[in-house]
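Consider the two complexes below, in which chain A is the common component and chain B and chain C are the respective partners.
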Partner chain A sequence: MSLQEVDSGPAPALAPAAVSLAGVEKRFGAVTALAGVSLAVPKGACVGLVGHNGAGKSTLMNVLAGTLAPDTGSVAITGRDVTAGYAIATARENGVRCIFQEGSLCPNLTVAENARIEHPSLTGFSWRTDAGRLIRQKLDEIFPGHGIRPGAMVADLSIARRQMVEIARAFTVTASPVDVVILDEPTSSLDQTIAEQLLAHIRRFVEAGGSAIFISHLLGEVLEISDRVVVMRDGKVVAERPARDFDRDGLVAAMGSVAAAASAAPAASRRTAAPRVDIDAGRGSTVRLTAHTGEIVGLAGLAGHGQTDALLTVFDGGGAGDRVEGAVAFIAGDRQTDGAFPLWSIAENLGISSLGALRRGRLISTAAEDALAARWRERIGIRTPDVWNPLLSLSGGNQQKVLFARALASDADIILMDDPMRGVDVGTKQEVYKILREEADKGRTFLWYTTEMDELLICDHVYVFRDRMIVADLARADLTEEAVIQASFRHDA
Partner chain B sequence: MSAIAKLARQPWIFAFVAAVAVWLATAAFTHGQGAGGVLSVAFTFATFFVIVAIGQMFVVTLGPGNVDLSIPATMTLAGTVSMKIMDGANWMILPGYLIAVAVGLVVGLFNVALIRLLRIPPIIATLSSSFVIQSAAIWYNRGLRVKPPTLLADFTTAKIFGLPVLAIIVILIAAVMHVVLTRTVYGRTVIAIGQNARAARLAGLDVGRVRLATYVMCAVFAASCGYVLAGFSGGAALNMGQEYLLSSIAVVVIGGTSVAGGFANVPGLWGAALFLFLLVTMLNTFGLGAGVRLVLTGLIIITVIVIAGGSRANAR
Partner chain C sequence: MTGPAFARLLRGALPALSLALLLGAIFYLQPRTMSYFGLNLLLNLAVPIALATVAQMLILTVNDLDLSIGSYVSLTACIAATWLRDTPLLGLLALGGGVLAYGALGALIHLRNLPSIVVTLGMSFVWLGLAILVLPTPGGKAPDIVRALMTWKPPYVPFPIIACVVIAALAHVALMRSPYGAVLRGAGGNPRAVARAGWSLLRVKVTMYMAAGFVGALAGIALVGLTTSADANIALRYTLLSIAGAILGGSEFVGGRVSPIGAVIGAITLTLAASFLSFLRLNPDFQIGAQGAILILVLALRALIGRAEKDR
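Take a look at the complex of A and B:
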């Protein structure tokens, strides 16, 4: 936590904070998700939490909600240290409730039955009626005119209504109190009116003495509702101030490094001939996604805003009026689902997209397969004594290299990359970046969806996605981290 | 030693070891009498199992949920239609076979249409299509048993040095299919789809066409089996395919192919088909009652699958 940014807020309570975390660290394998975070939420206050993808917000909230145990650090509730054996049940008993981003309702149960899950004290023959009354009262209170029946099956509700039930359920009280409510992206699926009802309710809850932690990518919302705003970046708290001391641009600046890293001198624009790829990337985009021969084109924006779908559109050759010229290969980011053949050797996995070229006559030549795998083992540095070893004998990063080699070894002119560098170590990344540039110079076109700024700086051209649309079209010269973040967040909120 | 160790790691070895063990047990019981004859008969009947099992193996290898339950009905329809059209005329043998193949093609395309266009799971699709196919066979045949052309009957029962000619041909077909599975783009694609269909699509493989080809091929193998089986057994019968439903799957699984898909081998089909026939022969030789025989058959099959499956899991 960088202390120089922290000044004294309006009411640094003398009473102990409702919840506080001190020096929390959390690692997942080689990835450090939280690098020593301290955070205190005072009674009767709402703390806004912002940060770019992977800044550690959700991990921090999972620690607070008891679903993840921290590696080091402590959790305290109203000044009492509860770190030892802290789990979801302890969190609930102590009045900490969490509304998760992904939603935690059981779709095959009714609204009332879902409410009952969190309230074991509702027993007897009338538990269903009691739970229904409980959730309906809370829905009426937070979202007047919601139109949700307690007997409705959750699977039949719209995503917005599910979110409303999820929120209302977190505020219902029976045996254990509700003192601290964590809301992780609660408004992402709600429309403006409903979102305002929620914000008003949070204010009422806070004024009545409750505490809230509010996470959102809609910065306007965060500034409106919060008393204090905490900015996270790379697993650390980088700024913490009263909300009134921040404005939208200040928050954006705090989330990303202000000075863009020095990038190589922009190459001469390759955008002279007709593009190799020219597609309509999602409903209502005013900008078309184009990529030329020899270009590395970046697809930026927050995770899951339509970038992967744009890649798949290109993979499937585009729709009417689109243009995709040349063979296409895809490099998966989600290796288990989209890339690996787990029963096969490294060589078989590597050669699968080049089977046509590996044939001698009608049959696939094992010698050719072996030679291809050996060549790419050298070029991309796959660490294995024998390319006929199983793919799963490799570490994750090396498996990812096999997928890279599969696409690069094929005859594809256009290579699509679905954030494939996740979980790859720094050294490997540098090697792969170099190969990408070499291959682009040979005339290949790369479309690269990435959530990492460093990788966007390698690209010749970047499109920023938001709400499944292209919202910014940045040439190499205009490319800064701030420009990308600025475009990734909605301006009206 | 390393050659033996390598052999022991082959997924098909257990089926052959089991077949040999069962054969030796039978021979020991009869003090060696008729052991050679039993083996010759075993090859005859195993041949029919292997023909359908080759197609079933490719289908099962396409991944979880892929299985063709219409094999028995397809055999029956192909057998009845070709026998009736040939009407015992020797010059019709080849056209008759082409008609059987055509029946297989139509059935395969019909199955794929149900699976692809109507999005019905393969198990349900092939099960329901088998009712349609079986009904067509009943309607067409009306219970008549048409004798096969004499040359066809002679051919299906002919032997060279005690080994059935048909078995030799099917061994050659199996060798070809082994190469198809391991060394062609088609075979690789089947195995890739079985491991991860989405990854196969994203790796640029033609998933849709290969699925279609596989179901059609399976139906053509079943139809071919119906044709030769009808020739072998003196005409087509409406229940001729009955025992091939479960045994086609059992042969595939005992042979070392993964039920979950993505891992297959052809040699094991022969081992498993011989094992299944010799197992029944052994229990018959021991003079056991029908009930005990069936229970033991089930238990022994389970044992072989567990032993083979366990050792394969360890090998990985």
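Take a look at the complex of A and C:
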């Protein structure tokens, strides 16, 4: 397929690229976030960057910003190699600015004080006035009629206004120039008018000789603003062409893997009896989220579009008119904060959801705990010589297995999974998938929020979420990667 | 738009309002305190407490807590009553060493990502042990110049009031008005953002801890100037007083929301609360409990305002 080929023809730039990456790799433990990315951003151009969850966009941006050091590869600014010792300060001195996806303002400071944090050169007696004027002028320029006072506390501003301050701040100039601005999902919390103002400003900035990298899930915006579009998947650049050569469907096709139909024979539908779970997932959904006995139901869509909330609704037993039958167990995605007891042993971590069954008289029986842990160590393959070793003696993947075992060992009928396989190596994943299938065949129901396409292909039924609503209801037979990606991105954008 | 700003104003005014209320009650109960001499007597001990509270507030700014400030103030008081008087150079060196040790603690807490509560709790025993080494039995004598300053009687306005105003103003300018002060507070509000803007969080922590060590040493010296002699246990209760005072003054445990002026007002309020309860002729056995009740009352009010702020 021609979409897979990277257009390697030289970018029509006369001067060296404002910023360029060559062969950048970055690994986090077992996960490869960037697998040899090369990217050049010409002067006076806006490069759009798109890709599905976990494609490596944010990692790439952090490398450019100097907050993450690449494992291999090089970074060059206007043709100069700056890889050695490239850090936040170097990036800033060379005019690279970033607007990060999650807020980078200090809520306890005023708008002007936040501007000062970004500009070490704002000192002297009248720095507050200077910083206030600096940020107000930029806000006036980008977002006329913004209504933000420089003296306002950031915590008091709405999310949209905070985003506006953050954007304006990145464009303010004092001691160091602003040559390259990287914007990660800058319009996600802005309404249409304000987003248009921003896009117009980026165009002006680019026409005046600046460079921009624009990362967004709103494909229409990307196509509108960018000169070139780069598509990433699995830590690699899979397509790079002038924006005019792309259309929305072309982008969607480039983001997904083309050979997606390697699906197992669809099992006979289990949707005959009454559902075990039947809830209203998010306001305004026309489709109800249902799950039956023995089903693995996938919740898909871009990260943070209401999937976790749907799981929590089930966990809380649903609201009025909802139906959740049977005991529920939850497997957390964020192991550190939501799942593990780091100071406890493996056996204690595993048995916490089954304390009733482990009780002999009024106390917990160590023997029963030991037997349960030993059984699951065998079954799920937890690699440890002794289940009484501390949990933290295990690798990340094995810790995650303990959390799986905890839920599976309990008497829960419905098991909720909040993207628990993030950052787990492939071998472990395969082992867990097999056990999931076995357990489902025994009559358990799984609700599985996952951002990975391979995992959705294991599911019997998939709901795609967008803007906290179910926007697609795909039975096993209809499930293709393209269908999921199509539904995940807004059609009007 | 005005809702949260109004609630914030109200919350900012709450420490001052509680202080005014308490002062009014004291004047009503004991009109003779409404004089130069009376105020001097009432507020004397507020000066070292205010300094210790400001030190605690500096640590709170970067989302940490200092459980060793009381014993540290005791140690510096012991040093002031002995070495600083007898061999001033050695005394100053020892106090400077304390400030450096605070900076090192800040660096340790930041680099090893340790909980400040644990580190400072451990350090409190170290400071106490050192204080006993410096001054095994209660005694010593305040340096004359310190004694003279703390008992100075300026015309019209009693010295403790001047001292408290100066402390509050200096701390306010340094932390709330200076360009680097914004960075220091920002590091409490969103450390990642501050790091991303290219600031060193290590430098921020070390700066804050050293500043706290410096102000804490001033508290010890001021205390000796009032009591004339020292003792290794002299300021142990300052640890909890300083936390209570800072919180009473509108600072929060996390999020970099602090108020130097509020902290000084909180310290004065706590000092006055003790006198107020004596004027009520309350059995001394109940005084600590009653002091706690006052604290709970003010904090409950603040929580109510805070809820209004969220609801808007």
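Here is the rule we go by: the second predicted complex is superposed on the first by the 481 of 493 C-alpha atoms of A that agree within 3 Å, B and C clash if a C-alpha of one lies under 4 Å from a C-alpha of the other, contacts with A are read in each partner's own complex, and residues count from 1 in each chain.
Here is the rule we go by: a contact is a pair of C-beta atoms (placed from the backbone, for glycine too) under 8 Å apart; a residue touches a chain by one contact, two chains touch by 3 or more.
All values derive from a computational prediction rather than experimental measurement.
By the touch criterion stated above, A:T187 is placed in contact with neither chain B nor chain C.
Of the two partner chains placed around the shared chain by superposition, chain B is the only one that A:S353 touches, whereas chain C remains out of contact.
In the superposition on chain A, contact of A:S58 is made with neither chain B nor chain C. Once the two complexes are laid over each other on the shared chain, residue contacts for A:V328 go to chain B alone; chain C is not touched. By the document's definition of touching, neither partner reaches A:T450: not chain B, not chain C.
By the touch criterion defined above, A:P342 lies against chain B but remains apart from chain C after alignment on the C-alpha atoms of chain A. In the superposed model, A:P390 makes contact with chain B only, not with chain C.
The touching residues of chain B, when paired with chain A in their complex, are 179, 183-185, 188-189, 191-192, 195-196, 198-200, 202-205, 258, 262-263, 316.
Within the complex formed with chain B, the residues of chain A that make contact are 315, 327-330, 332, 337-344, 348, 352-353, 355-356, 359, 362-364, 390, 406, 410, 412. Of all residues in chain C, only 1, 4-5, 8, 177, 179, 182-183, 185-186, 188-190, 192-199, 255-257 touch chain A in the complex they form.
Interface residues of chain A facing chain C in the complex, by the touch rule stated above, are 65, 67, 88-89, 92, 98, 100, 103-109, 113-114, 116-118, 120, 122-124, 127-128, 152-153, 155-156.
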